[in-house]
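Should a chain be cited, it is by its letter among A, B, C, D, E and F, assigned in written order, with residues numbered from 1 in that chain.
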Amino acid sequence: MKINDVILRTVVRGVVFIILTLGVYLFFSGHNAPGGGFIGGLVLGSGIVLLYITYDLETVHKRMPFDFKKVAGFGVLLATGSAIGAIFFDAPFLSQTDVYYTFPVLGEKHLTTVTIFEAGVALTVIGTLVTIILSISEDE
Amino acid sequence: MNNLLVLPLIIPIITAVILVFLREQIVLQRIISLITMIFITIISALLLNMVQTEGIMRLDFSGWLPPFGILFVGDSFSILLVLTASIITSFCLLYAFSTIGSRHEKMFFYPFVLFLIAGVNGSFLTGDIFNLFVCFEVMLLASYVLVALGGKKRQLRESLKYVLINVVASWMFLIALAFLYGTVKTLNMAHIAVRVAEAGQDPLLTTVAILFLIVFSLKAGLLLFFWLPGSYSVPPTVVQALFASLLTKVGIYALIRTFTLMFPLNQDVTHTIIGVMAGITLIAGCMGALSGRDIYTIATYNVIIGVGFILIGLAVGTETALTGAIYYLIHDMLAKALLFLLVGMVFYVSGESVVKKMSGIIQNYPLFGWIYFLVMLALAGIPPLSGFMGKVLIGQGAIESGSYVLLALGFASSIIVLYSLLRIFLASFFGETTISYDFRKPIPKGAYLAFVLLALSIVSVGVGAESLAVYVKDAANTLMNPSIYIDAVLKG
Amino acid sequence: MTVKEILEWAAVLLVLFGSIISVISAFGLIKLPDVYTRSHAATKSSTLAVLSCLLGAFIYFWSHDGYVSIRLILGIIFVFITAPVAGHLVCRAAYRSRVPLAENSGEDELKAVLFDGDIAAVTTEAMTKEEPEKQ
Amino acid sequence: MTIEIAIILIPFIMAALIPLFYRRLQRKFIGWIVLVIPVSLFLILTTYIPRIANGEAFSHTYEWIPSFNINFTTYIDGLSLIFSLLITGVGSLVILYSIFYLSMKESLHHFYCYLLLFMGAMLGVVFSDNLMVLYAFWELTSVSSFLLIAFWHHRKASRAGARKSMTITVSGGLSMLLGFLMLYTMTGTFSIREILENVDKISEQALFIPALVLILLGAFTKSAQFPFHIWLPDAMEAPTPVSAYLHSATMVKAGIYLVARFTPVFGGEMIWFWAVTGVGLITLFWGSFNAVRQYDLKAILAYSTVSQLGLIMSLLGLGSVAVHLGYSTSSVIYTQATFAALFHLINHSTFKGALFMMVGIVDHEIGTRDIRRLGGLMSILPFTFTIALIGCFSMAGLPPFNGFLSKEMFFAATVKITKLDIYSIESIGILIPVIAWVASVLTFIYCVIIVSKTFLGKIKPDISEKNPHEAPVGMLISPFVLIGLVIIIFFFPNILGEYILRPAMASVYPTFPLAEMTPHIHPWHGFKPELFMTIGVILIGILLYRYKKYWMKIYRIFPQQWTLNAIYEKVITSSENMSESITKRYMTGNLMHYFVYIYVSFVVIVAGTFLVLEAFTWDPSSDAPVENYELLLVFVAIFASFALLFAKSRITAVLLNGVVGYAVAFFFVIFRAPDLALTQLVVESVTTALYLICFKYLAELKPEPSSRKTKLSNGLISILVGSTVTLIGLAVVNYEKFNSISSYFEDSYNLAGGKNIVNTILGDFRAFDTMLEVVVLFIAGLGVYTLIKLKASKKGDADT
Amino acid sequence: MKETILLLALTFFMIAIALLLYRVIVGPSMPDRAIALDTIGVNLISAIAVVSIVLSTKAFLEAILILGILAFIGTIAFSKYIERGVIVDRKGDS
Amino acid sequence: MESLMMILIGVLVAVGIYLVLSRNIIRVILGTAILSHAVHLLILTMGGLKKGDVPLLSQSKGPFTDALPQALILTAIVISFATTAFLLVLAYRTYKTNGSDDLQELRGMSDE
């Protein structure tokens, strides 16, 4: 017996957009307001999970053809890489640095390596979350 | 600041993640993982010598001075253990190359091993109690996966128990951490030591210390070892060997660190309890080893006996005893790894795990048999093999401090160790063989290589005890005088 | 009383109103006879409660700190969109999993369509009907 | 590298070389090549005799583990020289013998390898000055003798015998090690000589007596003293050359060596005197008593060895009174017992070695060692008969053989000791000569049995059918050399006394003037009590042998299950069974039980400490205020969690868990933790989703099948744990001795450029935690993937 | 005064939650419980808003939004589970 | 408030432990979930409750509530999430291969 999900899917299309935006927002606002790589990643991940729930594995996989294990792995590499980078500058492991850089359009922005670190964290969280959900759902 | 200190943790992690991307290239995975471990071995050997010349090293992550940031502290004790762990892992990897099989290798076996060793090394090196928890978790998560890797019926069943018990243990760790933070309001181990000393380790702090004792006992298999025999006998042989040699030792390390650095003051209470627990562990371990009818049971209970024996050293608490405990710890790591590799190989060549159902293995595999004989003697503490120095020094310490009951139990236990392992040797290795030489299952060369290397290290640790003495003595000295550690962390 | 204070009071009262509605809706959830009626209490009055409450908060922050919270507006919109969908889905799930209606309910018209008749035929019919909407 | 080190090392080097090169050698040459080593060592050692007789001693130290005072110190004095000569001398003969004894099919390389290992270990024992090195070699002798005994490891009895000897001797070794460690604790040195210098200081210490007892235990187990002798008869499963070597000259003598070596340290103690003498005498009696009833020739010899070792041991005990008395003209006479001990040590090696080789020949040629199946071999094996006759007469203490001399001295010593009035010898001292005499009678009897049952009488038919003949010359050389010695020593005992025994006496009694301690040994020394005792032995012995069948019944008095062997077996099996039943009882494999153990020990240990130390305090005055809604929230959380206990369906349970999670999140809100609230909410929802996804593969909840009693006790345990946590928590809340380090983080904007303190902690101050936690997450994700993808193949892989 | 009213409102929300908890526990059907949990979530949103007012902090506004999202996702998941026993379909349903 | 929280934590611990002592895998896992809730609250309580403002510098001048426990709990939450995910999968794999979700039946002593 097929069950249609028209209402759900229609709403979710919008909602997922909100969720993903919120995720990105949380990711960037982390340094000064609640949020950060972790929560951002979790929210983004749960947005993707919502997609999986409302659609199905195949459909979503066509739209997002990533190997989420590798996304997670890439995240870990990014986090550890940004941490280990300090070693080459003879600074203690994990030392963060920041610069103020003036972009052509955006004006002066505060850039920190913490952001790379946080991005690594977020990617890992997304990757892992989706990997777990996907692996279980694919099990027969 | 010394960035070398973080390498034993970070290199395996990065390599492990890279290996995840190289999933299909098995040969490449093997080479990279082995190179990584050798690299870490070299690094830690380097560090060990640096500690001797420059004193205790520390690395404040991001440059935040203790007690505010997290830091790694390398003293002789921790780096000795890192070194031993790295060496053992390299050898075990050699064994794994020829035995683990491509099914496992494609399922990220090497990454998980590397994660495990990263967690282990992190636990040894960290100077922050909450970070210790996190490192434990890295190690544990990797171990959960490794126990269950393979998906056999028995394996899943035992790993479920293993995971659940460890989840509860981690929970208790968190409880203890909460209480610790609630009392001393800091997380840096050296800083905790200072504050505990300031408060004179009052009753409440002692209670917290006892909580930590329970937590680490669960990890170390001190008194609370119930989970150990089941879960250590199900995973693939290499994993068993790694577990037996590394995991409980991390718990032991944590116990020693906790009760020499952070809570050394109320020894009447804490060390008495440790002593009682170690005694019961020894008795129970001996009974288990005596009752064992299959090789895995005997081997796993020997792990428990080893734990009890080492912790006698802590319970006694004199410098000699701690020196002995460190020696014995190193010995036990090497010997238990070898023992489990051998036991696994016995199962492989005979297809049997019940002692009485096999015989005459030594006729087809003489070298294999003699290496078993060697490790048996080493575990029984026969000189000049590796177990001897530790046993002598722990015994000396116990005599000095008058702990005769523990002394008697400890020495009696080595007879049981010998007896139980001798039973395997006589029944399984000696006797008539039923399989002719030509029809035997060949033992892979890599496995032999691992055996021989481990056996050589057991012999050289025993014979060359002097070359280790300077490090071990320094380690014990630091343990006995926590102010050295504290000053190194909090000053300068 | 300044405008600011009036607004603050309005906010506080809105919150109070919301909380009372919320309790009423909770009572509804307790008292109503079956899941379908309860879902009314849950989706309709609870949404009202939360909307008034969020509105109150919005007004409060606006008046108190001069802070226009986009997040609160978003939240309001979000609840506004999702609450009915959630209610719909749960009720449908309930019906499909054959949770019985209260005894004093009126006629159950869907029952014949969904469970008693030729299920395959009905569903394919339903699907063909929905086809254009889907695109 | 000095010559002493070389003496110890050469056997080891050779032992290591044999397995490497034996394939290149012809099998028959292995033995001859090996033989070179003990012979040359023996010759080298003989060069020491004159120098040591002059009172020199040789010592060299090589650092091994100087950090812990463990050094490789060799020390050769008179005492070690005797033993080393025996080891290498008898060793040469044994290897010579075994070249002919062992068939070419045996794994000769193993045999010689073990034998050389053993020889090296024994040399190490007697040459070591450092107690730890001595211990190392001591255990090595146990190990190598284990290998020798288990040489025919396809035989079950060999394995059992090897196991028993290993277990007992290693245990003894361990107790000896403990004794050594106690000595070290008292003196701060492992060097025997340095300990000797400090004897006065340590004899008053509390550890002195325990050390004495423990070291004696080591010596007794090694020397097969009662009741530890049980391993020795079983060890006879070894090839006969091994028995000849281990049990006549070497391994069992190690205990004697140890006792002699430590006599100057402990000899002054009463307990030493009684322990050594008493145990020696009991062993002497018990060994001879049991030897009489054996049927296996080797078993007779085994028990006779036990008995003879008891004799030597008791002599050493008797000699120790001299140490107690100190030097005076009247006390010197008691040193003669020790002299006799050393003398008998050599004598025993000669005749017992010969006898073992004799039995080997009989076994080799006839194919059995059972005296019930032997008889009349005199005509077939005339040379062997000669060996047996001389060896047995010497053992029985008859002239003109060396056993007579030492036996006489033994009697003399036992008689002499009764005249002393220390150690309450006056009350029970008379037993000493009595037991010695009775045991000697028994010794005489079994000696007669060996000779008569094997060689006299008629030849049994099944033996004559095989048409046996005398052994090859090669096999006879060694025993003839030994019985030659038996006779030579009788006639020229004083050469031995002067050059070999006297220097050894100096080692045992360092404070005594050497010249007075060497009695002149006469075969004839007048009508003294000892002579009458010997005559009595012979007469009564012959009588008893004649009427053996009448008194043999006494052996049946002891029921079979009460023999020491049976008790040993019973102790082992019952301890195994008991361990098994106890272990099985608590190691149920049921996770619930394991959790119960954990929680019970948690409560007992933690709460116990907490209450005993009276650490509980509670002062709610500084608590934050409680609002109504918070109270309600607490109730909601409590109710939700309680309801979880009774949830009948898993969805309900998960929903309730969700409620608890929401409540926790709201607590985070109330307690001003926005990041936590966010994380908690997301994680809670994702976890709930995970539960739901996994429920597809899991069964619906069933009511708990546990019994009411289990439920009650579980409930009690959980309440106890819960209240322990609460009570400690209440006490901790009021613990306000320190300020938190987190005030430092409040400057986060200046320090780390972030205004969210929690986030700066996570991303900067404690970024390392975050990094690792990401790794944890990654491992978990990968782990889930592997768990699902890697399923056990149907056929099941044997090992991976 | 305002504060008292706000606390009173919070108390009301808690009462509502407690009542809903009753529904979660008692059921009787799964959808009942799911609805009740959803409503608890919605009530929590309000409660968090009120707490934000009381503490006069904007730190929890994200939490409000998140909770809205999650309550929605949770309800979808539950209803899908109740309806089909599976949350994530493997294949497209067309 | 602290005392009240400690009582709540005690109750949660007791409930969690009772569940962990169950024979059914799902109950045990739920028990660990409750236990981790309890310990998170405990860590928070140990840092002191309502002692200051939300630890955001942009929102207040202080004093702030203790931020360190919050960071610790965050880490702990993530770790317990990771563990729970693994545990759940392990549980159902065990159930599928061993055919039982009763831990007493999963003793595994007799069938070997």
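Everything that follows uses one rule, which is that a contact is a pair of C-beta atoms (placed from the backbone, for glycine too) under 8 Å apart; a residue touches a chain by one contact, two chains touch by 3 or more.
To keep track of the chains, here are their UniProt names: A = Na(+)/H(+) antiporter subunit B; B = Na+/H+ antiporter subunit D; C = Na+/H+ antiporter subunit G; D = Na+/H+ antiporter subunit A; E = Na(+)/H(+) antiporter subunit F1; F = Na(+)/H(+) antiporter subunit C.
These numbers come from a predicted model, not from an experiment.
Trainee: Which chains lie in contact with each of subunit A and subunit B (Na+/H+ antiporter subunit D)?
Mentor: Expected: D, F.
Trainee: Weigh A-D against D-F on C-beta contact pairs and write down the one with more.
Mentor: By the number of C-beta pairs in contact, the winner is D-F.
Trainee: Compute the centre of every chain as the mean of its C-alpha atoms, then state which one is farthest from the centre of subunit C (Na+/H+ antiporter subunit G).
Mentor: D
Trainee: Using only Cα atoms to place each chain's centre, name the chain farthest from subunit F.
Mentor: The chain lying farthest from subunit F is D.
Trainee: Average the C-alpha coordinates of each chain, average all protein C-alpha coordinates together, and give the chain whose average is closest to the overall one.
Mentor: If one averages C-alpha positions chain by chain, the most central is B.
Trainee: For subunit C (Na+/H+ antiporter subunit G) and subunit F, let me know how many angstrom lie between their CA-based centres, rounded off.
Mentor: The mean C-alpha positions of subunit C (Na+/H+ antiporter subunit G) and subunit F differ by 32 Å.
Trainee: Distance between subunit B (Na+/H+ antiporter subunit D) and subunit C (Na+/H+ antiporter subunit G) based on Cα centroids, please, to the nearest Å.
Mentor: So the centre of subunit B (Na+/H+ antiporter subunit D) lies 57 Å away from the centre of subunit C (Na+/H+ antiporter subunit G).
Trainee: From the C-alpha centre of subunit B (Na+/H+ antiporter subunit D) to that of subunit D (Na+/H+ antiporter subunit A), how far is it in Å?
Mentor: Computed from C-alpha means, the inter-chain centre distance equals 26 Å.
Trainee: Residues touching two or more other chains, restricted to subunit B (Na+/H+ antiporter subunit D): which are they?
Mentor: In subunit B (Na+/H+ antiporter subunit D), the residues touching two or more other chains are 13, 17, 20, 61-62, 130, 134, 137, 141, 144-145, 148, 151-153, 160-161, 164, 168, 175, 178-179, 182, 187, 230.
Trainee: Check each residue of subunit C (Na+/H+ antiporter subunit G) and list the ones that touch at least two other chains.
Mentor: 74, 78, 82, 85, 89, 92, 96 - these are the residues of subunit C (Na+/H+ antiporter subunit G) that touch more than one other chain.
Trainee: Give me the residues of subunit D (Na+/H+ antiporter subunit A) that touch two or more other chains.
Mentor: 584, 587, 589, 591, 595, 670, 672, 674-675, 678-679, 682-683, 685-686, 689-690, 693-694, 697, 725, 729, 732-733, 740-742, 745, 755-756, 758, 762, 764, 766-770, 773, 775-784, 787-789, 791-792
Trainee: Pull out all the chain pairs that touch, please.
Mentor: Chain pairs that touch: A-B, A-C, A-D, A-E, A-F, B-D, B-F, C-E, D-E, D-F, E-F.
Trainee: Enumerate the contact residues on subunit B (Na+/H+ antiporter subunit D) facing subunit F in the complex.
Mentor: Counting only subunit B (Na+/H+ antiporter subunit D), the residues touching subunit F are 130, 134, 137, 141, 144-145, 148, 151-154, 156-161, 163-164, 167-168, 170-171, 174-175, 177-179, 181-182, 187, 230.
Trainee: Within their complex, state which residues of subunit A touch subunit E.
Mentor: Against subunit E, the touching part of subunit A is residues 2-3, 5, 8, 12, 15, 18-19, 22, 26, 33-35, 43, 46, 49-50, 52-59, 133, 137-138.
Trainee: Tell me, which parts of subunit A touch subunit F in their complex?
Mentor: Its residues touching subunit F are 32-34, 38, 128, 132, 135-136.
Trainee: Spell out the part of subunit E that touches subunit D (Na+/H+ antiporter subunit A) in their complex, as residue ranges.
Mentor: 7, 10-11, 13-15, 17-18, 21, 24-25, 27, 30, 33-34, 36-37, 40-41, 44, 47-48, 51, 55, 57, 59-60, 62-63, 66-67, 70, 73-74, 77-78, 81-82, 85-88
Trainee: Can you list the subunit F residues touching subunit D (Na+/H+ antiporter subunit A) in their complex?
Mentor: Touching subunit D (Na+/H+ antiporter subunit A): residues 1-28, 30, 33-34, 37-38, 40-42, 44-58, 62, 64-68, 70-71, 73-75, 77-79, 81-86, 88-93, 95-97, 101-104, 106-109 of subunit F.
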